[in-house]
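Take a look at the structures listed below.
Two complexes come next, and they have one chain in common, chain A, joined by chain B in the first and chain C in the second.
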Partner chain A sequence: MPTITIDNQTFEFEGQHGLLQFCLDNGVDLPHFCYHPAMSAPANCRQCLVEVGMPQRDRATGEISTDEDGNPLIQFMPKLQTSCSMQMADGMVVQTHRSSELVKRAQKDTLEFLLINHPLDCPICDQAGHCPLQNQAYKHGPEGSRFEFEKVHKPKHIDLGPRVVLDGERCINCTRCVRFTREVSKSDQLTIIERGVKNYPMTPPGVEFNEPYSMNVIDICPVGALTSKDHRFKARIWEMSKTASVSTVGAKGSNCYYWVKDNQIMKVTPRTNMDVNEFWLADEERLEYRKFNEDRPDGPTVEGAPVSWELAWKAAADCLSGVDGSRILFLGSAWATVEDNYLLAKMADAVGASAPVYLPHVEEGHGDGWLRTDDRTPNAQGCERLGIHAASAQDLKARLEAGEIDVLYVMEDDPVASGVCSVADLAGIKVVLHHYNTTNQTLQAADVALPAAMAVETVGTFVNVDGHAQRLRPAKAIAGVNRTLSMEIGKCRADRHGTPFDKWYNESNLINCQPGWVALPAVAAALGHEMTYKGPKQIMEEVSASNPAFKGATYSAMGELGVRLESTGVTA
Partner chain B sequence: MADFIKHPVVGLPDRKPDPVIPADQLHFSDEEKKQIQTWISRYPTADGAVMRALWLAQEKFGFLPPEVVQLVADELNIPYANAYGVATFYTQYFKEKKGKYVLDVCTCFSCQLCGGFDMLHYLEEKLNVHKGETTEDGIFTVQEAECLGACGSAPMLQITNGTYVHNLTEEKIDALIDALREDRMPAFTSVTLPQDEDELGGNRRSDVEHTEAYQAGPVSETTR
Partner chain C sequence: MSKAGDWRNYKRVLLPPVKDLHKLDVYEAHEGYSALREILTTDKWDPTSVTDEVKKSGLKGRGGAGFPTGLKWSFMPPIDPDVPRFLCCNGDESEPGTFKDRQLLEYNPHSVFEGMLIASYAMGIKTGFLYIRGEFADWITHMEAELEKAYDKGYVGKNIMGSDFSCDIVIHKGAGAYICGEESSLMNSLEGKRAYPRIKPPFPAQKGVWGYPTTINNVETLACAPLIIRNGGEWYAGIGAQSHPGPVLYGISGHVNRPGVYEYPTGMLISDLIYEVAGGMRGGKKLKALVPGGSSTPVLRADMIDGVTMDADSLREAGSMMGTSGMLIMDEDTDMVSFLRRITHFYHHESCGQCTPCREGTGWLENIVTRIDEGEGNLRDLDLLMDLCSQMEGRTVCALADAAAWPVRYTIDRFRDEFEAKCKPSLVPSGADLVMA
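Up next is the complex of A and B:
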């Protein structure tokens, strides 16, 4: 097998590899700015320079020349090479900054150049704290600058488009943003204009940077030149906790991080998962987070009056008890997790009702074959696999109008807003509603309203449109004590922000709501049906063991990147 | 145009300019299209031909406002952003309307030492404009240029991306301005090389009508 020696350590490799990527994959932390694994390598930042040599060959025999001890003689290339654009070859010998003074010096000098015209505004820059330029200048850069002249001033706080703001002075012209629009999103809305010290990225005249994936350039920009119009100056990176979870905006289930400060979602950024969203996230997936913070209910209500959770469980159970199962309609939800939908199906079964159905939220033409989908819900596929099928608003409307229904049990959806019925239509019907927001239009008709934890507050599973089962993790705490949630928050966040054990812990903005896997067993218990689980993990174990459509989807198997389920032939 | 060295400020281009070329004139003739296609065929991909096509467009329209860059991009079937990036990279592509004659006075090292700035200032005073500006009658634009590769005949200037005027003196500038006002373009002139004097009469080129003898450069007044 071909081998390569990096800093005197020999690695075997197969196939074609870029040197920089190979180093990064093998724990050699080579500094770099312009290289990005999803795009071409223009080798323009010069930060990734290394010494590269190949074994010397005897011209006549073609044999590798050796020294007296039999070690191959290495001929180094006369100049340092950019590792990002270098393909590996058998026998190659590489010296990085870990073993070469020359490389160390080159990295330092490159940084000095990059910083010549870079403003020293880190104290007010959104990128500070997670800025590759800042980090690398700290690790590999010179102590100070020898540049004593006025820096070049470029346009600042320019709206490149509705969502991305440019600070031209901070740009180091790595061209990642331009290459993103050229090679990845293919919108071709950006270019580098001018040249030399005057250049910076810009839209050509008459063009707005408004493509639906524009905000990805904010993440890949290695400096603070591109920032989010929405998030600018809202929170420093170290004031937020970061939780690996899944987007709720479409059926693709893009992997993301939820950033939380004071129990509020501040921003959403992509999390790499090569089987789902690769490195990217659509703008809509980043911006639809206010629903998690705003218009949230505060505790359960019965007939509009606040009550304790115990009374609320009892009231919900009272609505169901004594009613003929065939006259109860259970509405599951493609917003809710597999676990919660499963419990709802169990409850429906326990009271003798037919299996729940769910309302599809499909917007024809919204999808683009990439990360945005026509389906605007995250878990329709999970519902289908549970045997909870889509029901059209018209069918449900007809059933309600025919007087077939006495009790409508709605989990985490809004039949009124979905056109199933009006509030008036529900006059003679008992309605139990698990809801996320006070803007839920069915709320006015609800006899019992049970605020539900949203995807960022619960533990559970979503199955995406391709059958990829992925775990949700709680990014923000809710009111009250829940051991499962506390443990999950403590486990899944390296920074431990927001757990009662850390100094950032904060009781503001805690929402008085309950996850479905707490609420449904509580209502069932009040009805006299035991559904005892230690938590969603155990529920999912039961689902994956009993339902072949979920084979293998245990929490430990899903981990951070999810599990691709076998195709069932059912499409959501 | 402010002095970039003293005030290093880079401006923002007008991001929503009104078109200046009337829509009915904004197209290439069949012949021009054919020419562009020929250029495209010489490169592996169409963007190779972008510089030639932009040049052709500049000669046709006089300068390259965004709508002309867009026209070129469409003709080549490449992204408008790419063509615009190329157009802004090169100073010889004029992004705004210039005078009929653009005088690029070299003030790079060799010319500077031989009086490049003196020539520039003389021209500025004579035409009553600052560098980067166009005379009121719209005939001349005076610009400062970096090395134009004719250091041997410094100081020098170039007329509208074309003809060079070598070994500049104030008298030569006077004569040049008079000539250009009458639309008499100086002929292409080759400067002889001292090392060729013995054998070739100083001139290696056989295809030129005008030659000018090499002369040792003057020394700039400001350098002295």
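Up next is the complex of A and C:
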């Protein structure tokens, strides 16, 4: 197998590899700015310079020349090479800053150059704290600067588009943003203008940087030149905890991080998952987070009056008890997790009702074959695999109007807003509603309203449009004590703020709601049907063991990156 | 010793003293397109033999780097009928002190066209791009008209002179950036992209314009091709310095009595060029310094040019380079700090800004040299300048950083006393490293 020696350590490799990526994959922390694994390597930042040598070959025989001890003689290239643009070759010898003074010096020199015209306004820069330039300047840069002149001035706070703001002076011209629009999103909405030290990225004349993936350039910008209009100046990076979870905006289930401060979602950023969203996240997936913070209910209500949870479970059970199962309509939800839908189906079965259905929320033409999908819900595929099938609003409307339904049990959806019925239509029908937001229009008709924990507050599973089962993790806490949620929060951010053991912890903005896997067993218990589980983990174990469409989808198997389920031929 | 032989009786061939040679009929009357005709209509030539003849001539590129032209042509991959291949003629001449290609474009454009066609024939190319600096607007208009005439006569286009060789020539106007003269930048510019130099490898012969095999030659280089075919490679190899032969256009500017472009063999003594060809120093002043090949080549002191001739070997020994043979002559009144300030300003202005060391370094160099020139500099600034030069050299995609650093390095190195005289006295000893521990 071909080998490469990096800082006197020999690695075996197969196939074609870029040297920089190989170093990064093998724990050699080479500094770099312009290189990004999803894009071409322009080698313009000159930060990843290394010494590269190849074994000397005898001109006549083609054999590798050796010294007296039998070690191959290495011929180093006369200039330092950019590792990002260097393809690995058998026998290659590489010296990085860990073993070469020359490389160390070159990296320091490049950082000195990068910093002379950089405004160094870290104290007011959103990127500070997670800034590659800041980090690498600390690690590899010079102690100070020998630059004694006025820095170059460039345009600042320019709106490139509706969502991205540019600070030209902070830009280090790595061209990642330009290459993103050229090579990844293919919108070609950005280019570099001006020349030399005045260079900065800009849209072509008359063009607005408004593509649906524009905010990705904020993440890949290695400095604070591109910032989010929505998030800038709202929170410092160290004031937030980040939780690895899944986006709820479309059926793709893009992997993301939820950033939380004071129990409020502050922003959503992509999390790399090469099987789902690679490095990217659509703008809509980043911006639809206010629903997690705003218009949230505060505790359960019966007939509009606040009650305790115990009374609410009882009231919900009272709505169901004594009614012929065939006259109860259970409405599942593609917003809700597999676990919750499974429990709902179990409850429907227990009271003798037919299997739940769900309302599809499809917006024709919204999808683009990439991360945005026509389906605006995250778990339609999971519902279908559970045997909970889509029902059109017209069908349901017909059933209601025909007087077939006495009780409507709605989990985390809004039949009124979806056009199934009006509030008046529900006058003679008992309605139990698990709801996320007070903007839910069915709320006015609900006899019992049970606030439900949203995807950022619960533990559960979504199955994306391609059959990829992925776990949700609680990013923020809810009011009340829930051992499972506390454990999950503690597990995924033990050393970050947000846990009760952390000095940053505070109890503001806690929502009085319950996850479905608490509420549904409680209602069932009040009805006299025991559905006892230790938590969602156990529910999912039962689902994956009993339903072949979920084979292998246990929490431990799903981990951070999820598992690809076998195709069932069913499309949501 | 001059290697140019009997240069006083040299007969000009690149720019012969013929009135209206830029017109097609005049060019035809003076053996114009005869080399191309010979190649296309006689059995004597095939693409390989044309390349071999150019190799035999010892022609080295006239664009600055001095790479052997025949060798460059032979780097093109074997012809694949499905893969287009291109020739680029680099007429983006814009280095300070270099102004010889414009003479060819103005006074002998058909020799450039003919050279492009010969090169295209040798490499099996069907499209040649003539990339001309946009500031040469008047000549571009004129050349387009002359090219039209050549098309009408069947010298360019389909089935040239009745043969099965077809080749188009496209004149492309640059938009005024020095960096476009860098060959990979030129290709990007030609493609309509921002003129950032490309990483090599892949070299243009592997992946050039639009990713297809491409060869890029200087205007003067290609204008030599018809001469080589007409008179033979041996004839060409016999002109001037043995290791760097041929006629050369010397662009002489600065403090001489008769600045201008002069055609002579390579290997001319620098002193002959200054004192005889260019009519001596202006006002009888003493020579102080000269830059032999365009602003990026290292400056030579007057005491360094004894016996030095204008060819690659001799200039290398003397501590400089042939470059584009655009000679900047400076007399004893020249302020070398001020000279360097102008040069650093140029490279600051023209750095494309792709690579960090060049983008940031060129401006910093200008800042410091300006400060010294204005009497505000410190002695340690000189060490800092040298340091910055080492931080830039060889660490960028193209050679512009080197071209910007060398004048600084060598001007300070060779005229250090002048720089020190302009600096403020410093309490900090020279050589002390203040920050970079």
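We take it that the second predicted complex is superposed on the first by the 569 of 572 C-alpha atoms of A that agree within 3 Å, B and C clash if a C-alpha of one lies under 4 Å from a C-alpha of the other, contacts with A are read in each partner's own complex, and residues count from 1 in each chain.
Note that in this section contacts are C-beta pairs under 8 Å (C-beta built on N, C-alpha and C of every residue); 3 or more make two chains touch, one makes a residue touch a chain.
Note that this is a predicted model, so its numbers are computed, not measured.
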Superposition on chain A - do chain B and chain C clash or fit: clash
First, second, both or neither for A:233, with chain B first and chain C second: neither
Contact breadth on chain A, by residue count: chain C or chain B: C
Contacts of A:168 with chain B and chain C, given as first, second, both or neither: first
Which superposed partner A:116 touches (first chain B, second chain C, both, neither): second
Touched partner set for A:106, first chain B, second chain C, both or neither: second
Contacts of A:152 with chain B and chain C, given as first, second, both or neither: both
Touched partner set for A:181, first chain B, second chain C, both or neither: first
Touching partner for A:45 - first (chain B), second (chain C), both, neither: second
Partner chain in contact with A:79 - chain B first, chain C second, else both or neither: second
Candidates 22-30, 58-66 or 202-210 of chain B: the single one with C-alpha clashes against chain C: 202-210
Touching both chain C and chain B, counted on chain A across the two superposed complexes: 152, 191-192, 194-195, 197-198
Chain A residues touching chain C - in the complex, by the definition given at the top: 41-47, 49, 78-80, 82, 85, 106, 108-110, 112-114, 116-117, 142-147, 149, 152, 172-173, 191-192, 194-199
In the complex with chain A, residue positions of chain B that touch it: 8-17, 66, 69-70, 79-85, 88-89
Chain C to chain A touching residues, read off their complex: 177, 194, 196, 199, 348-357, 359-364, 367, 371, 384, 391, 394-397, 434-437
Residue numbers on chain A that touch chain B, as the complex places them: 150-155, 158, 168, 178, 181-182, 188-195, 197-198, 200, 202-207
